[in-house]
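Next come the structures, one after another.
Look for chain A in each of the two complexes below; its partner is chain B in the first and chain C in the second.
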Partner chain A sequence: MSKDAKLWAAPAVVVVAFVVVMLLGLVRPSLHTTMFTIGLYALIALPLGLIYGQGGTISLAQGSFAAVGAYTSAILTTRYGLPPALSVIPAVLLPALLAFVIARPILRLPELSLALVTLSLGTVIAVGLQRGGDFTGSYVGLSGAPPLPLVGKDPVAVAIALWTVVLLVVVMYSHFVRSARGRALNAIRVDRLLAEAMGVNVPFDLATLFAVAAGIAGLAGWFYVHSIGYIAPDSLNVETSAHILFMVVLGGRRAVLGPILGAAFFTFANDFLPGAETHGLFFGTILVLILLLSPDGILSPQAMRVMQKIFGRRDRAGKAPPAGIAEAKEAVQ
Partner chain B sequence: MTVQLLEFLANGIALGAVYALLAVPMSVVWVTTDVIDVSTGGYAVVAGMLAAVVGMPFGPIVGILAALALGALAGGVFLGFHKLRKQRDAMLIVLATFALMLAIESGVLSTLGTDNRFLEPLPGAINLSGAVITYQALFNLGVSIVVMVALAALLKLSPLGLQMRASAISDRAAMLVGVAVRRTQFLTFVFCAGIAGIAGVLAVLAIGMTYASTFIFTTVAFSGTVLLGRAGPLPAFWGAMLLGIVTAVSDAYLPNGWAAGVPSLLIILVLATGRMPATAFTGARP
Partner chain C sequence: MSLSATGVSIRFGGLVALNNVAVSVSPGEIVGLVGPNGAGKTTLFNCLTGVARPQEGRVQLEGQDISHLRLEHRVRLGIGRTFQTPRLDLGASVADAVMLGFYPRLKQGILSACLPFSKARRTEDDLSARARQLIAEFQLTDDPDSSAGELSLGHLRLLEVARALASEPRYLLLDEPAAGIDDVDRDLLAQAIRNAAGRGLGMLLVEHNVGFVADLSHRMVALVSGEVVAEGKPADVVADPQVVGAYLGVQSVAA
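For the complex of A and B:
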């Protein structure tokens, strides 16, 4: 596959899948709402895929950053009469700024401690939203947020607007991972000290990406509140963050499309599996199996090799590449 | 005022004693296997909920046995990663235990429902210069101390404890001197799930629980384990105690609801500022 084809393959898959499902929605209209939910999760999960899958930096605060964006826009539009077209700016900037400020001290922590700190941050945000009194609507939340600009409340138009943003993020993600900065991010994941020795400004690069990820989550929160018209502390919370991590790990943390696949799997499973209380059993079992069989998720080099074995495809020389080369490829990917 | 503070401190220590029985097993699994067993909260909830459903006197035994069985399941998953994938990436196993936690929480929800379960706590209290301390709080503290002493004895004196410590220092070196490292690590999962099960039984007596406590207990265990910046049962014990005291005191003095955020704020401050010296409360030389 040529370099250009590789760059545009992921966005093309997104477009084709979106068009197919939206057409199927003509027969089954609930699919439009399903596509909105998948798009929303995908928008929060994609940047986590970037910072965790490519950068090795785990975050359990994505759902909470989305909540900050949603609340920021809800407060500005319902309390101060700002139109949603303008409230999108603080809805993106506030979580990004918050993430950038806290990123510098916490991103030096080991993976598990970082997970705990981001989880704790999510808890603090949730408590603040619950106890914010009239300002945040307390446990009840805020209602009456105006609809999205241009597209209003029409589910098809909302889904198209949301997926256009998802597509833009996918295009930027695809280009980023193949840029010098993207390779630097991978270098940080493989060996942080070596990356620093090679001239990568690790704290700044990670903090910037962390902030961008939070900003995109804030944008998802903005979509959420203006399409549903309502936000409460339980709408986007720590549990959402855990689900987002599940989607990224299941779909494939190193693949551009992995988080979207994970979001689709999670949403369809929630919609079609009977008995909501047993969903955790299903998701837990599936995740253990996927991690055992294909540690990098469904879209991963291991899974691709299994697929190639099934369909009998080999590389151009007619045989599999040596193990060392395959491992190096995996490390880079 | 002083009497009140004394009372809150005593309650915090009693709460910290339950938290310690969650954090210590997680830390023991961590140092022995390099894996944070995220499903620790699940063992506690299953044990506590079953104890409440079955009732006294057999409930706690049934609950702890169920926790041991779940620990065996987690140990089996751990072994599966090493057998099938020759896995060296501990984070994957951590994610697998996260998946196990999701499954346990869902299993509890689907079989026992959303009701808050509790067992009748020990009646009565003692009055220490005006500070009222319940017998249940003293019982929890006593059980926690007994378990910690038993754990210390096991680690220092028994063959299994020595094997666990050898595996913690270097699993490869332990293998070379003939320690059955994988079996030891499997038994560590089971044994520590049993301790978390005891914590669950104490929690259902002291504070009650629902299926949603799974996540809360896991967070508490995790926080206690890493709060003082060093892996090991002793730092985990002190970390959990600190969390218990902070929770009880902030519950008493802060407006309703805000206290829930204080332990999280403490974790962020301690870890982000890096203020806690790595050797504090660890028993290690500075």
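For the complex of A and C:
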């Protein structure tokens, strides 16, 4: 496959999948809101895929960074009358700044400690939002956030706006992994001493990407609060962060499209599974099974081999392999 | 004009790893640093590359004191290195592994890396072509897109040299390049080192294998127990009684 095709394969898959689902939504309108939820999760999960899957830096704070973005915009629009078109800037910058400041001391920690530290950061943010009194709306949260600029409240328009942003992130991610910077980030994951020996400023690069990831989560939070009109401490929290990590790991942390696949799987499973209290059991079982078969998730080289074994006969018959495999191959390389 | 360490001392607790050691490499010169296990070779190597800081003395590049600079900064100043155990992503392609070497010279912005039709995108084809040239020159593999994990240890060492050369260093420091590789790869490696020196690179080989270094170096430095015991022409150093006593007595010169 040519270089250009490699760069544009993942964005093309996103566009096709989006158009197909939105057209199906003409028959079943609830799909439009489902698509919005998937897009929201995807937007928070994609940059985690970048820093975790490529950079080996885990974070359990993505949901909380989204909450910071959502609250920032909710407070500025409802209390200070700022239009959402302007409040988007601090909604992105504040979580990014917060992430950048805390990044330096924590990003040198090993994976498990880093998971715990980012998890407790989420807890601190949650407590802050709950105890913020009138300023953050305490346990009740804030309501009355104005609708999104340009697209308003129309579910189709909102979904299109959100997925346009998701598509932009996918385009940028696809290009990034095939650049000198992307190779440097992968070197950091493989071996930090190697990265340093290649001239990579490891602490600064990781802090910057950690901040970018938090900023994109903040943007998702902005989408959330201005489409739903309401935000509470429980809307985007530590549990969301855990779900986001689940999506990235399940979908395939090394693949550009892995987090989106994980987000779609999670959202559809949530919609179709009965009994919300048993969801944890289901997701836990699925995660264990997938990781046993393929430690790098669904979109990964190992999973491709498993799929090829299952569908091997069809391959030999000269037919094309299932669409998912070619795309997984593409996204992984 | 040289990369040099002067008066370098490092102690780990009560253990003296290096005691007032001086070593220098000039452009185009191949210097062999030999010594038995525990002589302080790796510690001195780490001082020169920036992994360790000398407690006394200093490291200079072209007369400029670089003792306080970190590894990644020294790489950007033109001090390349390889590792005793090759360090690379074995799952990535050989081409990607070599292309990582271009990083210190690029100064690419994160935004530029993300955008289509950017400057970073246009240089990508050029880098890929140059990496493929290096891969062909070093005879690493016929298929630059194959996984680096398929290469032999000797070829991984060669890959590290190719990757280090991609960053266009002025000095290249090799950590035990000949350890554990077969004769064919060793000859390829020796040729690569001679070629690089011929182009004006200063090379420092830290090596256990005295035979390999003696053939290759213009000058040899022998470390024993953290001190320089002999320095000069390879033949003289190899014959030095102190070196023979401390080191060659336990290992054949012909190794």
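The rule is simple: the second predicted complex is superposed on the first by the 308 of 333 C-alpha atoms of A that agree within 3 Å, B and C clash if a C-alpha of one lies under 4 Å from a C-alpha of the other, contacts with A are read in each partner's own complex, and residues count from 1 in each chain.
The rule we apply is simple: a residue touches a chain if its C-beta (ideal position, glycine included) is under 8 Å from a C-beta of that chain, and two chains touch if they have at least 3 such contacts.
Source: prediction; values computed, not measured.
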Point to revise | Touching partner for A:Gln308 - first (chain B), second (chain C), both, neither | key: neither
Exercise for review: Quick one: classify A:Gly128 as touching chain B (first), chain C (second), both or neither.
Suggested key: first
Practice item. Considering only the touch criterion stated at the top, classify A:Thr164 as touching first (chain B), second (chain C), both, or neither. Key: neither
**Study point:** First (chain B), second (chain C), both or neither touched by A:Ser30
**Key:** neither
Practice item. For A:Thr208, select first, second, both or neither according to whether it touches chain B, chain C, the two together, or no partner. Key: second
Practice item. Name the contact category of A:Gly199: first (chain B only), second (chain C only), both, or neither. Key: second
Review point. Just chain B (first), just chain C (second), both, or neither: which does A:His279 touch?
Key: first
Check your understanding: If you count the residues of chain A that each partner touches, which comes out higher, chain B or chain C?
Key -> B
Exercise for review: Could you say whether A:Ser179 touches chain B, chain C, both of them, or neither, answering first, second, both or neither?
Suggested key: second
Check your understanding: Between chain B and chain C, which residues of chain A are contacted by each of them?
Key -> none
Review point. Which residues of chain C touch chain A in their complex?
Key: 49, 51, 70-72, 75-76, 81, 83, 87-89, 92, 96, 99-104, 106, 108, 110, 112-116, 118, 120-121, 123-125, 127, 163, 167
Exercise for review: Mind listing the chain A positions that touch chain B in their complex?
Suggested key: 102, 105-106, 109, 111-113, 116-117, 119-121, 123-124, 126-128, 130-131, 238-239, 242, 245-246, 249, 275, 277-288, 291-292, 295
Check your understanding: Can you name the residues of chain B that touch chain A in the complex?
Key -> 36, 77, 80-81, 84-85, 87, 89, 91-92, 94-96, 98-107, 109-110, 215, 219, 222-223, 226, 255, 257-258, 260-261, 263-265, 267-268, 271-274
**Study point:** Complex contact set, residues of chain A against chain C
**Key:** 3, 7, 171-173, 175-176, 178-184, 186-187, 189-191, 193-202, 208-209, 212
